[in-house]
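Notes follow the structure.
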Amino acid sequence: MFRKSVKVTTRGEGDIVDITPIVRSVVQESGHADGIAHIFISGSTAAVTTIEYEPGALNDLRRALSAMAPADQPYMHDSRWGDGNGRSHVRASLIGPSLSVPIADGDLATGTWQQIVLLELDIRSSRERTLVISIL
Amino acid sequence: MFRKSVKVTTRGEGDIVDITPIVRSVVQESGHADGIAHIFISGSTAAVTTIEYEPGALNDLRRALSAMAPADQPYMHDSRWGDGNGRSHVRASLIGPSLSVPIADGDLATGTWQQIVLLELDIRSSRERTLVISIL
Amino acid sequence: MFRKSVKVTTRGEGDIVDITPIVRSVVQESGHADGIAHIFISGSTAAVTTIEYEPGALNDLRRALSAMAPADQPYMHDSRWGDGNGRSHVRASLIGPSLSVPIADGDLATGTWQQIVLLELDIRSSRERTLVISIL
């Protein structure tokens, strides 16, 4: 197994980062032509999934996440801790922190229009995130 | 590791295919009595999860997905690309493209009423999908 | 690979159990300092994800799940089978039954405020669940 932690700087709530190039470069560094790439985001206010990385679809996803845990609703997490990021926790939990993608012939088996993305859901204007990428 | 790509033909938006027999047959072909079966759907408008494969529950799931990304709402993806499948991208991204299931004593460790399903979320009337099944 | 099935008793709909100590103890028992911990819940009315294990955030998550598959709505699963747990099936399917977490230096690579949780979504007052934990 090959393992690498990679720092990614996000630019505030709703930022969606295409991490496909990062994952691909770890796959190449690992030297594995076949296997599974496992991506994990450490922390409870970010998530990992796939989507077509195109501004329209990204915006549509943001709107759906906002509807699932609206910003204009009181959160018990916020009233207890004064954090203001209750919605971030809920959205992250609904999407989940991990994803696995097959590696075949030295490359990721994702579709042409399917990118691996990190969703920044927390409310700080900028944040350094740690992605843990494991190649099995 | 044993790997197999399997073609599955879907019959339009909302089609839910029970892929448990496909996964089970790949497990048997692999000859592994213990391990993990990893299922991945290539493409950004389909998803993989588990559910009791019974018409009522399937319909209830379709309704929930429709509420999370309604058909009667404008999508920025559609206005940019004229695709009409903005909702499909959002729903696929919320559910996710991958799933891992333990293999114990030569069979999947799913519950009796828990089937592995492929969700077709795109709007074409028929589509050939590629499932990538890896046995670890 | 090291595998262990662990019984967890849940206390009715909406119970959220912090299973991080269980997963950590299986990691230690396995003797693996590096790898992946794979967690799977057998059954179609429970799910696994991560969240900050704090009563406010847990309550906020319960509310979001209730909005995604409301209790005061008729379910076709219920009208066909008289089960009353149609919403449980839908919620479980949306979140999913599996999660993978890296193991680094003998411990889980989760964030400080990120716990691994089992969501009991079924309507019985108590239930014994089987978690399958695999260390790769």
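To keep things simple, chains are lettered A, B and C as they appear, and every chain counts its residues starting from 1.
In this text, a contact is a pair of C-beta atoms (placed from the backbone, for glycine too) under 8 Å apart; a residue touches a chain by one contact, two chains touch by 3 or more.
The model shown is predicted, which means the values in this text are computed figures rather than measured ones.
S.K.: Have a look at which chains touch which and call the overall pattern line, ring, star, complete or other.
M.R.: Basically all the chains touch each other, so complete.
S.K.: Are the interface residues of subunit B and subunit C largely the same numbers on each copy, more than half shared, or largely different?
M.R.: On the two sides of the subunit C and subunit B interface, the residue numbers are mostly different, under half being shared.
S.K.: Any idea how many Å lie between the Cα centroids of subunit B and subunit C?
M.R.: Centres of subunit B and subunit C (C-alpha means) sit 20 Å apart.
S.K.: At least two partner chains per residue is the criterion; list those residues in subunit B.
M.R.: Correct list: 68, 94, 96, 100, 136.
S.K.: Going by the contact rule at the top, pick out the subunit B residues touching subunit C in the complex.
M.R.: Residues 34-36, 49-52, 54-57, 59-61, 64, 67-68, 94-96, 99-102, 104, 109-111, 113-114, 136.
S.K.: What part of subunit B is in contact with subunit A in the complex they form?
M.R.: Residues 1, 3, 38, 40, 42-44, 68-69, 75-81, 86-87, 89-90, 92-94, 96-98, 100, 132, 134, 136 of subunit B touch subunit A in their complex.
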